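Everything on this sheet refers to the single structure shown next.
Order of writing sets the labels: A, B, C and D. Residues in every chain begin at 1.
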Amino acid sequence: MTDVDARQRSFVTRVVSGDRSLLALLGILVLLVVANTIIDSSFASAGQLRNTLLVTAPLALLAGGQTLCMLTGGIDLSVAMTATAAAYVTGVLSASGSPAVAILAGLGVGLVVGLVNGLAVGVFRVNPLIMTLGMAGILTGLLTVGSQSFLSGATRMSPLVLELGRGTIVGFVPWNLLVWLVLGCVLVFGLRRTGLGRLVYAVGDNRVAARLAGVRVWQVETAVYTACGLLAAVAGILIGGRSGSVDLQLAGSFLLPSVAAAVIGGTSILGGIGGYTGTILGALILAVLDTMLNLLTVDEPVKQVLYGCIILGLAWLYARGTSRDTT
Amino acid sequence: SGGGGSTNTGTGSGSGSGAGDKKYVIGVSNTLVGNGWREEMICAVKAESLASKKVSKVVVTNRNGGPTEQIADLRSLISQGVNAIIVNPSDREKLNPVIKQATAKGIVVVSVDQAVTEPSAHVATNDQVAYGRLGGEWLAKAIGGKGNVVEMRGIAGVPADDDRHKGFTEALAKYPDIKVVKEVFTGWDFSKGGQQALDLLNTSTKVDGIWTSGIDYTVVNAFQTLKKPPVPVVGADNNEFLNQLLNQYDKGVRGAAVTNPATIGGVGASLAIDVLDGKEVPRETTLTPQVWDYDTTKSELEKNYFPDRDPTYSSQVEVKPHTDYTPEQLFACKGPGE
Amino acid sequence: MTRTLRRSAWTGAVTVIFALLLVWNITQVPTFGAFEIQTLLASTLALAYLAMAQSVVVIGGGIDLSVGAMLVLINCLSARFMEGTSFGGSLLVAAGCLAVAAGIGALTGFVINVSKVPDIIVTLATSFVLGGVALFVLPSPGGGASPGFQALVLGADGTAWWPALACLVVPLLVIWLPLRRSKAGIAIFAVGSDSNAAFLSGVNPLQTKVVSYTVSGLFCGLAGLASTAFTAGGSPQATIAVTSTLASVAAIVLGGVALTGGVGGLVGPVIAVWCLYLIPNIMLGLGVDPSYGQVVGGVVVVVVVMVGGWLRLGRGKPA
Amino acid sequence: MTDTPLLHTSEIAKRYGSVVALRSVDLVVGRGEVHGLVGANGAGKSTLVKILTGVLRPDSGVVEVDGKRVRLRSPAHARAAGLAPVFQDPAFARDLTLADNLKLTGTSHAGFRRQLELLEIRDVDLGARAGELALPLLRMLDLARSLAHDPRLILLDEITAALPADYAQQVFGAIARAKADGRSVLFISHRLLEVQELCDQVTVLRDGRNVVTHARAEDLEQRIVAAMLGERAALAVTEPAKVAPVRSVVPGEPALSVRNLSDGHRVRDVSFSIAKGEVLGITGLEGQGQDELFALLSGDRRASGGEIVVAGQPLSARHPVDAIRRGLALVPGDRLEALLPQRPVAENLATPTYARPSKWGWINADRERQKVSDAIKRLSIDTRAQAQVKRLSGGNQQKVAIGRWLVAGFDTLLCFDPTRGIDVGTKHQIYDLFRELADAGRSVLMFTSELREVPLACDRVLVMYGGRIVAEMPSAEADEATLLNSAHGLAETLADQA
């Protein structure tokens, strides 16, 4: 009988009521939406809904990669530059070659960057913070040089990417939501229902135990950072699709939000706790918050202070939640 | 003269190759990495140096940072024994002491894009107040002297942003029926600006025109993203924006490109070389922006749009009479001896 | 004797590397004199302080992503209130700013310890807040400092190099050395090394956290003041905060401070800062495109951390 | 005045989450008295020590020193009150020099050095980093440090557990001196002989209660044992089935055999082999190389000499997974090395199944749920607090640690002290489980620090001393006296002297 209620727990409650924090996040989200609607009546429109989704999708994908890394107790500070690089490559190639090739090349960039990060962190045991920081610098340099030599030229996205980036399927459903939906499901269920997913948590929760259980930690970490790189690439291409064409700072402004979304979503930066469902809510909250600040034309200082307070506040809540039941 | 003296130190360090008669070494100081406009500015310095045939090499310092870093970079350039320094200043006053030290050593300092208050430095800038005013006036006319406009500024606290705001406000002062309904800071970040446009255009407040401090093509795209009829947009001479003005006219895209040429770097270089040659050069060279739009100056749009350059490429590649390089030299972005 | 050598091996290595780089740089420039030395010392002063600040926290087992924002805040604060003051007035303002910085540091440490939220998250959040406040204090670049105050870093005629060095050494002697020898200072190392053993040895975790972050705040304050003196004003740009925070992390890692805590000092990081200053300079001399400089910088940091990690693995402390 | 005891605790209680460590302890330690504290694993000794030294706060109860009630807020505070501990794991920060470590506790170098003199420990360099020193030495330094504070009560938590004989002698000497100086000592040990030798009074702790306190006497040991075991003895008697299930037919081919295995350090050419269907016990005092032996067998460490043969094929493991592939599954002694504290029970149980990349794919939820709930049933794991394993009681944590391999599958189970800190009922469940596994043709190699469980659980037992196997016997003959003798390496030390 114990296993029976175990089953129910894992199915129903884990998704909604099982995690009180998820409900809390949902509440915050609703609150923000209501506030926005009060500020501007037209906020509660299909158009704005579509718009919010459109803006959230890339962020949520970046934050997804970030979540993976954080679950293993790491972090990836190169996601923004990876996204930019991938988009840039896609853009340059779209201008010349076929869109498919261009996209594949973009994804290739993400793959390579992620793989390098993963091997460095997993095999050579470089601290993730330093590794990804260095990688960001390296990418910036290469991209800047490249934009004048081997990557010079127009970076206009192909119609395909444009459609993905800003097109609409029906009503309020943009195409990039579809991409997000697919990858989002892969992440949510991948973390819950695949062996690798389990190992991601295991490695993050207790490295030693994972090793003694026969897990080759470096394999898991390499896989995770590679996945993160790929997600960043997809996000970058989507952002590029929305902007129409790519500049060297395309995704720069997404780095800190990607971390913030994961943290707000309840993923512990020490690893082992969290998941993508929370991150999704975190990303939505940030997007709606951004809109609100734009509507209010709040100036930069207030924005930053608010950002900081929200991150700290929610992180504190989670910490209390987890520390309460530690013996 | 001072120029002559510095020439000698120049050849002394002039990368050995200093066989020719007058080979100058030109230093560049920039404190914003990975920004297309700034990179093009640097390329312009290189191209002009190459075209002038009087420069042995161009040495560039470029890293993210503020006045502290830039002062250090300028000092390093001085130590390297350059003959002239083209600096895009991160601050109006804070560089003055080190610039004075440089000029005292006979080094020619030209501050481009933004001004410095140090009198011994030359200044080559785009007239940012005019940039704001001309764009504002165009917009006002375009929307028939009345309606709601959105002002999308750059980075709070940056001089150029203040100046443009000043000019824009001046221009609209003449049109009491025009209301600025929103004022946002894009941080000169194209994707961010695009997102903000999406948010703003979704609100119930009607928008008849948008003035941007250069974050233009993503704003135009926002209309397509939202499937809304575009309203007049004022932007800069970004390559992609020109493309939109030219090729999406039939889709109803209207707007004006107010030039803010990154090739100001080239202007700075040619000024520096002139000074080194002992020519008389006024302290300040100010480029008044041109305003290009489809209806009146289509030819300019066509002349300056380069289909195979990247979207943020500042399209006014030549600034006559100052620059002598060919567009190809600029695109190649190779200085002498590279 | 041999042990002290072995223990300070890392710092020694960094010093040697610095010496080599310096020689290389000297051969590049036509003349190397007081002016160049002053550039080296004065322009890196703020970052050196920042590296010290970061070291103290990391040695104590944490990491502080808000050092850059703190620097900017104190820079703006001091610049705003020093403008047009006498030398005495400037000193007064400086003292006030240091107090503020130390206070913020203490508060940060307290919050971390009480909330049980990882340092990296708390300081990430506070970096946003501090950056915002800085923009309140000084919406756009400006402010100033009395000439006398600038002389503290640049010398009376603005060309002396030793004041900057003094500015660096004095706090080391006045703040760090006593602390390093005191029980509170040792407690920082102990907690960073093994918080449980430290607790069993009677260390008070809260107090230690607060102390380390207070000292760190103090150094951040000095960094802010240094840049005020060096640039005779304040600049609120957020990019400065981010850039210098990242630089500080890179510096301490190169300077031999283990990100796992408990190991390292303050001299190594300072010398590392000088190395990080020289590398782009040398590439400038070589006429290398600064964009490649970025690449080289990134590679250097990663490789050093990797090698350092291997060396430390011997001591069972993965970096 | 003098009749007020130095230390008097009343009704001390402490629970760790769901685990009740101490129910109610009344302890009285007189001046100049060496007071023994004994009890089964998990009886609550260390917890009591940790409370008396300010490491933990009691949930309830009173601590009185000199008849004055004290609240021990922190270790420092306890030291100030005259209570100086030597914990089981030395409290030295490894990256700090000894000098700095001493400074943390405010210990005077002079006093420390004098104590070292008395302990006959010479040429200790205070400039050395603690991490560079050997564990036994560190324990002695820890002792010296506590003594240097001229404490009124010294608390020694199993200090002799991992000490070589000569150091142990020094410790006894120190205790005698302390007694002579009128200090009191609280001496915790699993070695009853020591206790009988040293202690004036002995308090027996069982399941978080002080069951009895005896003065020194001839038959002290028997009394202690009786008190320690309590109803456990009864249980053992009432279940004769459990006693020594002698297996006449010891099955043929060996599942695992080890030849001259050594790690060049703590394990010295160990040879033995375990047959399919056999439960082989290993016992010994703490720190006799058993930990290292298990690390070698489980592929956690690489051997320097000798060979491990699994099912006829030699095994050289670079990573635990290599051993696991060959059917060797480890249940570590410290649950922190076995569990994912923040993850649910089901996930903990299932994780080893997915270790190999070939298993990274989609999880067959039904099969997993089936296997997991089988394991839960089979071990009757209490799943009330299953959301996070760290909330489970120690016993249930141990069950989860074992259950993982029931789910993942194995041929030979390597269990290190599987019944540590576990209540008697669970112990018997675990014995039964091992028996079942053996009957199913698997084999179990278990280290146990509790000699009494050898006849209950094992077919055969090896005794380790100083990194060697010094004795082997069928568990039928493995009565406590015999085991203790060989465990103390008596035979061997005699041989050495000869």
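Note that a contact is a pair of C-beta atoms (placed from the backbone, for glycine too) under 8 Å apart; a residue touches a chain by one contact, two chains touch by 3 or more.
What you see is a predicted model, and the numbers here were worked out from it, not measured in a lab.
Judged by contacting C-beta pairs, the busier of the interfaces C-D and A-B is A-B. Chain A and chain D have Cα centroids separated by 45 Å.
The distance from the centre of chain B to the centre of chain D, each centre being the mean of the chain's C-alpha atoms, comes to 73 Å. Rounded to whole angstrom units, the spacing between the C-alpha centres of chain A and chain B is 34. In chain C, the residues touching two or more other chains are 135, 289, 291, 293-294. Annotation for chain D: no residues touch 2 or more other chains. Of all residues in chain B, those touching 2 or more other chains are 33, 156, listed in ascending order. Per the contact rule defined earlier, chains pair up in contact as A-B, A-C, A-D, B-C, C-D.
Taken together, the chain C residues at the contact with chain D in this complex read 3-4, 7, 183, 186-187, 189-190, 192-194, 197-204, 262-263, 315-317. Taken together, the chain A residues at the contact with chain D in this complex read 2-3, 6-7, 9-10, 193-196, 198-199, 201-202, 205-206, 208-216, 219, 223, 272-273, 322, 325-327.
Note for the complex: chain C touches chain A at residues 63, 111, 115-118, 120-122, 124-129, 131-133, 135-136, 238, 246, 249-250, 253, 259, 289, 291-295, 297-299, 301-302, 305-306, 309-310, 313, 318-319. On the side of chain A, the complex with chain B involves touching residues 40-43, 45, 47-48, 51, 54-55, 91, 95, 140, 143-144, 147-149, 152-156, 166, 168, 239, 242-253, 290-291, 294-295, 297, 299-300. Within the complex, the chain D residues that touch chain C are 55, 74-77, 79, 85, 87, 90-96, 100-101, 103-106, 127-129, 131.
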